[in-house]
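Would you mind keeping the following structure in view while I ask a few things?
We call the chains A, B, C, D and E, going by the order they appear; numbering starts again at 1 in every chain.
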């Protein structure tokens, strides 16, 4: 019994991590229609900026409020980089979707190499509050606090994103802009601003995932973002392109599936099952869990 | 018709296939023979001792240079084959690496573990790779757009996981599997015979270009071009989109596994690099770098990409780079940084890829000539 | 020739196409009118196979084709145009039509032939282009055509397939007044004694009146009436729901 | 005669090497409907798009376009629209993935009260179908949405490209009536193929032919003179009055 | 020119000796590569007494980056061989070592593999040697932690793939052969969440847990083992990675018994002192000895063999010498490098950790079984 509880809670922690990574990806993909391969870079920027801030920024540290400041700095850095990327690289290519994807591919290559050139390829210990290393006993299962932290953060991010989409006009503007940018401008709306904002939010979400991922793994390394990215992609697609709620469901499904299969099955089966789930979902419901049926 | 955009990727920046534009002005009678001339020139390159300092490490006929060129040529062919899917039919597959990897590992395992003679191993591998593509394509093509990209990615990922698992020690896991050369024809073994590998790669490239060219110029190629624009319309005209896409997918898969066979011989083994989704991504990069849907673009893109990929490691450690201040020299010594940056710049400044250079340069050239 | 039996398409509770019985005799020209949103295009989608009906059957020459995919129906001689032009934007006008001709001549896989060398296909394509008056635009990319030209290309694509039953969805929409008579003539020439049947949705009443043998009126997905032009035009409901007071 | 609301002077547009417009000049009067006529492909849509600043990237524009004293060229589209230039494009361009209500909400301009009453009075269908995705609307319903979207706001000039295309005769009449009423308060530059509609609405007419202006003047005059109609529009007077 | 040309090695006495180093300057193993090259330079200096020459012949080093990709390594090797290089060394990763080794045999040049730990390099062919340790030696060292193995329960926790396979097989042979029951828990190398595996291990209640894990996910793995109480309930043995990774063990570090190939302070030999003095920073690390030893072997080969590769091979086979780690022997039968190995403990906290040697095992004690030479 305690094994099931342990696996469920740690699986949810993993799901939360996947969701945090996927949420920004899903937002940018769903709204701005950019399949952002550079998302891993934003993740890395967030993680390294937090790491750097904890050691160098006055007021920031690895514990208590200092840690919050460090994470805030990391998130800000991620958002900033995302905005820069949008302004300089993505914006001039609007309506050329394929090229946008390609630029993000190039960026993911160059960006990760840049992180590596600056801080080396080896993992560095990540500054984190001591309590995140401990476990909380839940019905006899030792659940890592870092996982619980991720779950809380994921729920908060989910709420914030939904509020953004529901209560502001931006969601509307961007969804329309993806379909037909020209027409949105012809309605008197500066669609460029909205797109930049979406990138900023996507970047911030990624950076938060990077920082919390650092807490979870205990280290930060340049390739970390990339390895999480593939699962994030799977989550985004299973969840239905660009549906934030769908991503949340999919993350939970993927996290739990992986955890339980890895425990009860043989090694590596967890990954295969996730990939299998992706294939099955797409074949049965090409639009994903939450995608609407397109009339074509 | 009340129509809704389905969540599909738009077709790639389309180029009208050369083959389908009849009556284009031929500048002179020689033009149709240019590919042949290029082929002959490429074939006699190994007889030249010309030294191109900075471009190659040694003279053209040195094994190091020929090896590099051979790898470039294979990827030129691979990119051209991938373009059959991406540039010409508008199918964005993220799993093309799988069929290439099937070629590499198929040959390697059959020769090294099963002890088959090379020709049998090669034949079996290409047939097997083609069948694999046909089977997986038959499933994956039930989806379109991003979903298709993701299903193909998922299949390729399964391949990567299986190779990494090292079942029964067959694939060598992350260490890869060196090719057992004891049963191979001696002409393919040893540094002194690198030139034969070069010719093999050249032959592969020529084969792919020829096949892709013929197919795109054929009635089927016309249908593929139509599919790229509007699949529904093709159906209403009385053609089964699924069948045509499956043929393109299978053909491209077969060509890729043939490329894998050649690559395995050139590199002398298999390593899990070839199963990674990054390889498919780099194929995409190559095609775009060159110009999707054009005859020579993908080939040039593939050659250039692989050349940079290999040569940048040398560039990164060169004195010129090392003497720069650390802010510059550190990133520049990372080959991937340079490659990524070059690629981004290329997307910006050559939107149609290398293939569009000609049309872009023509006005400049004529202006110059008039002077 | 073409018949629908209780054809119904529902989305949720709403019937978009509601229990439609329609018979199209060989050589007959049936005009379909009805207010916007009556379900005319949806009916075409069901007949051509782009949509599966929730109920009812589609018969061609007495054969049930309800479960066939679009391309199989096309091969049986069912051709259609689209209300929103859908042409192959990255191909030239000529290539567009050649593709259609080739599709008609047999869709078998020809991987190794030279497409450009097939003179017969080219000739048939040029003939089709000539008929709609687009021959001079042959080398233009279809994507860059002006709206009216795309409409003509749509018809050329249809012609190339030499269908026995043609579904035309508002062929005149957006065609400049000058070209209307010409296009009407083209469509007229398609029928006549050739035995081809046409089902045409059109809002230009004068065009409908000139071409149609019978007129079907759709309203809220159901077939309100299907009769001779005179009877239909005299129908009070049609007057009120569709025609309104004339300008 | 008072100052024109819009003055186009010597407008030339080249797209991908093609001279689509070659020195087009005309004005739009501050009241009533000015109609832009011409065969398919003469450049009517191109003209409208040049005015709202939507010429494609690979296009080249020369000449001047002025609204009052202000030059419109080189100003971004969204600013032009916010300053009161309403545009209804040829292919309607409703946002297929958004609901009808969302389409309308998107068109609300900040700082003004959207005139939903007016729009719903004109097109009750739009109110009823508020939650339907615009992509699943019928062609005519989409057209209503496209026009309704623009009418939510106050405009100084409306550019409308073939609004009656694909509409049932009854709706054509309705749209024409709507436009007639709209034109009482806002000047309209209208592209229209339906000559009956033109006859009913147009005050001034500009006829384009192969990228040039072939005729400008009073619309009634154009439609009355058989010879003129025949030579410019290629239709007999009988058709005009049918 | 002819397409079959390869430059022939300069025959006369005073021409420099070309040595090609193909290793990772970039890519995931760049920091291993860096240690290797630093060690090599120090070793060359040491073995040539600061002259960089053997006799009157200068050793001319050409470096090439393989970025961890065997294809690039093979290209670089072919290029070097084509230019007349007779000695190639390097190979930071096992994949590279395994694919370059056959190239060396096909072209009859000397290949001295570097940090690559795969057992497959030993006995690969007549021309292939190694300057580092191999997985089997790690496992034998691990065995020394449990004393008498009879009746003990041992679990191997390893990642999927060849590295894990090799370790699992070696443990079965070495410790299982000594009477212990060995079972294994395997996990994908890409795993990010280790609770299921930790639970499996815990359920098995082993007397000894042998962990073979490489890569950036290692810290998360250790943390989970610690949190789930595995580290405190049994003896856990693993290999000690490079210094930079020590802080990532965190609190878990002091609960683990380490086997070590090398760390600063593990030995106090002549060579170690010389190396310390020479390398930048003055602190030795895991892979400095591999480079250092390689240089010693290169110098020996050139001294005895001149330009004749066959003679070089003869000169290296059976050679006993003093390296950084102490007495090293190149076993003639399969070119295994017999060398001392260490048991170590990690102590400290934060970013300051120190390793101390608990016990040194001699080269003979850790000798792998002889593999028949394959080619």
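The working rule: contacts are C-beta pairs under 8 Å (C-beta built on N, C-alpha and C of every residue); 3 or more make two chains touch, one makes a residue touch a chain.
Quick caveat, the model's predicted, so the values are computed rather than measured.
J.: Give me the set of chains touching subunit A intersected with the set touching subunit E.
T.: B
J.: With respect to inter-chain C-beta contacts, which pair, C-D or B-C, contains the greater number?
T.: Answer by contact count: B-C.
J.: Hey, how far is the Cα centre of subunit C from the one of subunit D, in Å?
T.: About 29 Å, centre to centre.
J.: Once you find the CA centre of subunit A and the CA centre of subunit D, what distance in Å lies between them?
T.: 45
J.: With chain centres taken as the means of their Cα atoms, state the distance from subunit B to subunit E in Å.
T.: That pair's centroid distance is 36 Å.
J.: Mind pulling the residue numbers of subunit E that touch at least two other chains?
T.: Only 160, 188 qualify.
J.: Spell out, as numbers or ranges, the residues of subunit C touching 2 or more other chains.
T.: 41, 83-84
J.: Find every residue in subunit A that makes contact with two or more other chains and list them.
T.: Residue numbers touching two or more other chains: 116, 179, 268, 271, 295.
J.: Help me check something: in the complex, which residues belonging to subunit B touch subunit A?
T.: Of all residues in subunit B, those touching subunit A are 2-7, 9-10, 12-13, 139, 142-144, 146-147, 150-151, 153-155, 157-158, 161, 164-165, 232, 277, 281, 284-285, 288, 330-331, 333-341, 343-344, 347-348, 351.
J.: Provide the residue numbers of subunit A that touch subunit E in the complex, in ascending order.
T.: 3, 6-7, 10-11, 13-14, 17, 116, 120-125, 133-135, 142, 144, 216-219, 221, 223-224, 227-228, 255, 258-260, 262-263, 266-268, 270-271
J.: With touch defined as at the start, can you tell me which subunit C residues reach subunit B in the complex?
T.: 41-42, 44-45, 48-50, 69-72, 74-75, 79-80, 82-84, 86-92, 95, 98-100, 102-104, 107, 109-116, 118, 121, 139, 141, 157, 161, 169
J.: Can you check the complex and tell me which residues of subunit D touch subunit C?
T.: Against subunit C, the touching part of subunit D is residues 16, 38-41, 45, 90-91, 125, 136-141, 143-144, 162, 165-174, 176, 193-197, 199-200, 233-235, 239, 242.
J.: Considering the complex alone, what residue numbers of subunit A touch subunit D?
T.: Going through subunit A, the ones touching subunit D are 169, 172-173, 175-176, 179-180, 182-191, 292, 295.
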